[in-house]
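Next come two complexes built around subunit A: one with subunit B, the other with subunit C.
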Partner chain A sequence: MNSTQQLLTHSLDANEQTLRDYFTKTPDLVYCHLLIGEPKKRALLVYLNTLVDKNSINNNIIDPLLFETKQIHTIADIQLPIGSKSYTTKWEHVIQHLFQGETALLLDGDNHVLLLDTQGWPQRAIAEPQIESSLKGSHQGFIETCEKNIALIRRYLPHQQLKIEETTVGRRGHTPVTLLYLEDVAHPEVLQELRDRIEQVDVDTIVNTGELMQHIEDNPFSPFPQFLLTERPDAAVSNLLQGRIVIVVDRSPSVMIGPMTFITFFQTVDDYSTRWMIASFLRLLRLLAFFMAIFLPSAYIAALSFHYEIIPLNLLLTIGESRERVPLPPLLEAILMELAIEMLREAGLRLPAPIGQTVGIVGGVVIGQAAVEAGIVSNIMVVIVSLTAIASFIIPNPDMSESIRLLRFPMMIAASLFGLVGMVIGFMLIIGHLISLESLGTPEGSPFAPARLRDWKDTILRFPLWMMRTRPLSARPTQLTRQKKFRK
Partner chain B sequence: MKRYEFNEVTTMQYIFLISGTQIGIGILSLPAQLADIANTDGWIAILIGWIISITASTIIIKTMEKHPQDTVFDLSHRYFGRIFGTLIHLAFVAYALLASITVVFTAIHITQVWILPNTPNYLIMILFMLPGFLITRNGVRVLGRYAEAVFYLTIWMPILIAIPLQKGTILYMLPILKEGWTPIFQAVKTTILSFLGFELTFVFYPFLKEKKHAIKAMVIANSISAFTFLLITVTCFIFFSPDETPSLIWPTLSLLKTIEFSFIERFEVIFLSFYLFVMSTTGIPYIFTTVFGMSQLIGKKDHTIVLLIAVCIFILTSFLYNPSFSHIQTMGSWWERYGLWGAYIFPVILFIYVSVAQWFRGGKKK
Partner chain C sequence: MRRHIYFVLCFLLTVGCGMQTRLDELTLVLTVGLDEGKNGNLLVYSVSPVFNKEAKNIYEVIRTSGLTLRDNRFKANAFASGKMVGGKTQSVIISKNLAKKYDMFSYLDVFYRDPKNSTTANFIVFDGPLKDVMYIRLDDKPRLSVAIRDVLLTAHKSKQTTKINLLEFRRLSLDRAQTPFAPILRVHKGDLIAGGIALFNKQRKYVGSLSQKESPYFAILNKNIKPATSLTLAIKGLTKQKEYVSISIEKGDFSYKPSFQNGMFHFDVHIHLGAILTETTTHIDMKKEKKKLEQLLAKEIQKQLEAIVKKMQTYEVDPIGFGLYARAYEYKPFQKQKSWPKAFAKAEINIRPTVEIISYGVLQ
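Up next, the complex of A and B:
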């Protein structure tokens, strides 16, 4: 459209015609003609009534304008009780701001437009985070509006070093994407890398943060997440303080954080608000859960199909007894049950809550006693599948939990083909992959390989807070002191 | 000018890379060989071998220091001209190839004997080549990280092996020096060969980030290996007695048979499966050296294609040829003979040659 490149004219009618030509089939665009000032002068108020706060327009714009008694020469004479306003003469800006829910005020005989911030679209109230609940952390979660989300973060860090950079992604959607970082902590190279990658994204729009994550991640062929998606402001802030960069995508309730390391997906905010012994125990539990979720079914398959000699005799007899009536080989038995539980999970997730409970009851029967009594699977298998499922739900990060659940299947096949050797090779592949994986150019295997012993304080165990005086090095912070030594 | 800047390894990774290469295949049969040659005094030979290997590593570092950005391949072209340089280059590649073949086939053989007796060897080869390819492809940096990760993952293994010590008879270690020094010196030849692996410094040195710690790193790496060798040999001697040890093919693995838990039997199966990690840190650096040297020879910067071809050849070979135990032993003895030249004699010659050549060139300039 050529007219958008052009400037406004001094004639109000011509300007209105340009707008009407541009916005065809746009019933929600309101043209409100007014006569303002003494003597009366024609003015035009334009806004998209689906994106504005009507109260604000009525009370703060129309009301004062109608009762204006001053003489209005130019648009700059108009005084309105709205803080955020700007002037422009370019159609391009007018249209862009109209789409953002602002109101344009045109005056006859003036080629300037007054743009007033009257944004107000349907939005959710700030609520408790749904996916990542926590015991002691804050109960505010991110919502779909970028400004609110930044406000939630700013409340934790009222500091001038918290820098905010805005950019837009998407040709049609113009999704506002905001980077937040601590300028004296975040590494400039990492930041530049992130900026470059976001700049390169050329898509229609970003509907959800997860899409942007996939567009900019280092290795799209990896099963593991390379960015953290969170809906918790406190988690975002704690990562900001470690020198990471927070990416807030408008219209999406999850916030992306990078660069991440593997172990950070096993940390929660609660870890830091609980006492260190309990927090360490929970960390160990999660690590154990990680191994169980990947290896438990495959260990069962390996032991039964290749190495029954490693099972002590008593246990072997019990297993044999319970498998007596089962016609399926261990691999099929395991895959059947694992698939059943995955389906249950997915069904429970997609169904509305009242029906979701039914799934739980039906599922409990399917993978429970009935299946055993029918002779399809063995008791031991049910125990193993349930344990594996619980273990995979312990992983605090949903993305990591999903990758782990996916890895279980190739591992089961490897175990059924090569027994323990297959499992060890699978483990080797996971390790080999993890250590070569990078997140924004920083190694994901850190602090284990490459080793940074100082960072081990906050990995497998969570050391007492007073010992964690420096920021972890994995995000390459440029300023290390986190706290002074104030305890004796 | 730094040619390998994006591929640097830290001092710690370097230590684990070298000691990981040293500990692997040799350790499984070392106690038997030592007991065979030197009986109760075999462990002294490890200490002597340790000193010799440190000396040899220091000589290699001293040579490499003169051109800190060069691998042995660059060095050979720089000093020996086109034809001789290429020959030495090829010889080193051939050496690494022999070593990798030996390691891979031994690993397969052990796996077949102890864990998977019914699985055909080419399937195991394909399985082993998967992580081999994945890790080798990413270059020295990932190799270093892998060695580091494996070190932490396997640190419990020597401790576990030492458990039978408490059931042993310490008197088996006596008498010391019962037949004088002659058998000990004979055994030294065996021990210095189990230290093979440090010669890969020739390739990895340019990738080391802090070169001033190089000698220290070599000493630590050799000491870690020496300590492990000593621990296992002494455990074997004390537990089995030096007279019985030679009758076992893999005394180290037999030690594991004695470990029992109430909840798990045949623990050695699990241990040996995990031992694949240890063997992988021996095999992968050699495979990398082979592939890296080969791709430098044909002038390719990226070694992925050569690696892919090498992996295919490995798998194809295993499809056609399944070496028996005696063949593997022959391979091992070739490697050792070659290794004596490659890791001990060649560095000394190279050091002298490079020093003399530099002295000459320096003299000419003045």
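Up next, the complex of A and C:
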């Protein structure tokens, strides 16, 4: 539309007509005609009443304007009790700000518009994070409003080095995307890389953070996530302090963090608030769960299809008895059960809680009891599938957990074709891929590949906090020292 | 990424489903029995588990008669419900009669040569015809193969017998300085019993045995007293009559000192045993009589040890491995011997055990 490129005129009627031409079939756009000042002067208040805080408009704009007794010459003479305001003469700005819930005040005989911050759209209260709940961490999670999310982060880092850069993505949606980083820690090259990638995104709109992540990630063919999506402000802050960049996307309750390393997907905020021995034990548990979730069903298939010798005799006899009536080869048996449990999980995920329980019961009975009694699968297989499912739920990051669940299936096929050799080949491919994977141009395999022994303090084990005096090198921080040596 | 796909595709081309050995399609031979058949043939029993609720027995025994083990496997495959495999073989049992007549290696070759066979199977000598054990009815025990293994391992732990696997048997057989041995299994009134030790000569033929009672002393000489070796000894000299004293030997220090004098090997064996007094039939004042008791015990143990060494010398076998010490310390004379067991038979062996009672229980 051409008119958006144009400037306002001095005539209020002409301006109103331009607006009405532009906003056709927009019933929620309110035109409020006012006479203000002594002598009376015509003014027009315009706002989208679905996006504004009506109390604020009534009390802070209309009320003072009605009782204005001064003479109003230009729009700059109007004094209103609203902190955030700006002037413009461009239609483009007016329209953009109207869509963001601001109120435009036009005065007859003035080509300037006063834009007042009266935003007030429907939003959720800050609540406990749903996906990443924590025992000891904060119970505030991000919500769908960018400003609130930034506020949650700022509360942890009241420091002038926390820089915030705003930009928008999407031609229609104009989704506000905000970059947060510590200027004296984050590496400028990594930051510039991220800026460039976001700038190149040319889409209608970004509905969710996950969409932006897929547009800017390094390797879209990798099964592993390269950015961390979190709904926890404390997790975001701890990553900021390691020199990483937090990307807050408006209208989405999860923020994106990059560059990440593989091992960080196995860490939680609770790790740092529990004592180091317990935290280290939990880390080992998660690593074990990682291997179990990928390899347990394939090890079962490999052992039963090729290497019966590696099973101890008593277990072999138990498995033999358990599989006595099973008509399926191990691969089919395993895939059948794994698919069943994946379906159960997916069904339970999307259903409302009361029906979800029914799914759980039906699934539990079907998988646990009936399938074994009917002789379709063996008891051992049920145990293995359950263990695998539990192991994949232990992994704290949902994205990583999902990619591991996916990897299980090619591993199972490899094991049924080549036995242990196939498993080893699959494992080598995963390792090789992880080593070559990058996140925002930094190695995702760090600190294992490239090996940086100093950073291993916070990987498989979590060393005591007072020993972790430097920031990990993976995000290429420009300032390494994290804390002084204050304890012997 | 594309390169990864090519990799995977290349691997897919090498798939050979015929290589699969699916557990459901196998007959696992858990116990192999070798006996003497008619006309010099070899009688082979293969015991394998049956996983079928409709089958009456939980294991099957296949008996075949043939020239060698592989010939028998060929014949047995005609009976078996799945491909017979020996990867989980737990025990290889040979009958005493077979062991007396033939060199065992001529039959066991396939176990060592074919890598698909298990070499850690226990090697056992059965006292009697093998059909006694293969068709035994064990209603209160698990599958026969598991029962045999469990009986053997329990008896070995309490030093009723010993334990040797096929690989160790081969090593002892081929070592110039040693001769092999094996545990003995027998059936007594419908029960499996493991006890005693079969002794083989250099030609790997059965020559004699040590009884169940002598087995703990064999274990002591073999430095194998862990976890504990329990002995009940008849002691004279404590009181006017014969008294029984039970001890449990917890630890031992051993020293074997070989020497070569006057064309003859000498061995000075010092064994210091730390024992717990577990039972006596008379009251002993430990404060006063501890030294005396220790000496009496040592004397009795010495008698028993000398007896089994004598026995081994008459059989011309050296399962303990005195030859290893001779070879290590007196290499030149050892090298000159044509046959170590013959030289061992002539050797003079002084055994000096000492006993230290480290604990005598919670009674005074």
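The rule we apply is simple: the second predicted complex is superposed on the first by the 488 of 488 C-alpha atoms of A that agree within 3 Å, B and C clash if a C-alpha of one lies under 4 Å from a C-alpha of the other, contacts with A are read in each partner's own complex, and residues count from 1 in each chain.
In the analysis below, a residue touches a chain if its C-beta (ideal position, glycine included) is under 8 Å from a C-beta of that chain, and two chains touch if they have at least 3 such contacts.
None of the values given here were measured: they were computed from a predicted structure.
When the shared chain is aligned, no partner comes close enough to touch A:D202: not subunit B, not subunit C. Judged by the touch definition given at the top, the superposed model places A:L304 against subunit C, while subunit B stays out of reach. When the two complexes are overlaid on their common chain A, residue A:G445 makes contact with subunit B while staying clear of subunit C.
By the touch criterion defined above, A:I435 lies against subunit B but remains apart from subunit C after alignment on the C-alpha atoms of chain A. In the superposed pair of complexes, A:M423 makes contact with subunit B only, with no contact to subunit C. Common to the subunit B-facing and subunit C-facing surfaces of subunit A are residues 306, 309, 313, 417-418, 422, 425, 429, 433. The part of subunit A that touches subunit B in the complex is made up of residues 306-307, 309-313, 315, 417-425, 428-429, 431-433, 435-436, 443, 445, 448-451. Subunit C meets subunit A in the complex at residues 1, 4, 7-8, 11-12, 14-15, 17, 19-24, 26, 28, 30, 49, 51-53, 85, 87-88, 90, 118, 143, 146, 149.
Every residue of subunit A that touches subunit C in the complex is listed here, in rising order: 219, 221, 304-306, 308-309, 313-314, 316-317, 319-321, 323-326, 329-330, 414, 417-418, 422, 425, 429, 433. Residues of subunit B touching subunit A in their complex: 10, 12-13, 111, 115-116, 119, 123-124, 127-128, 130-131, 134-135, 138, 142, 144-146, 148-150, 152-153, 262-267, 269-270, 273-274, 276-277, 280.
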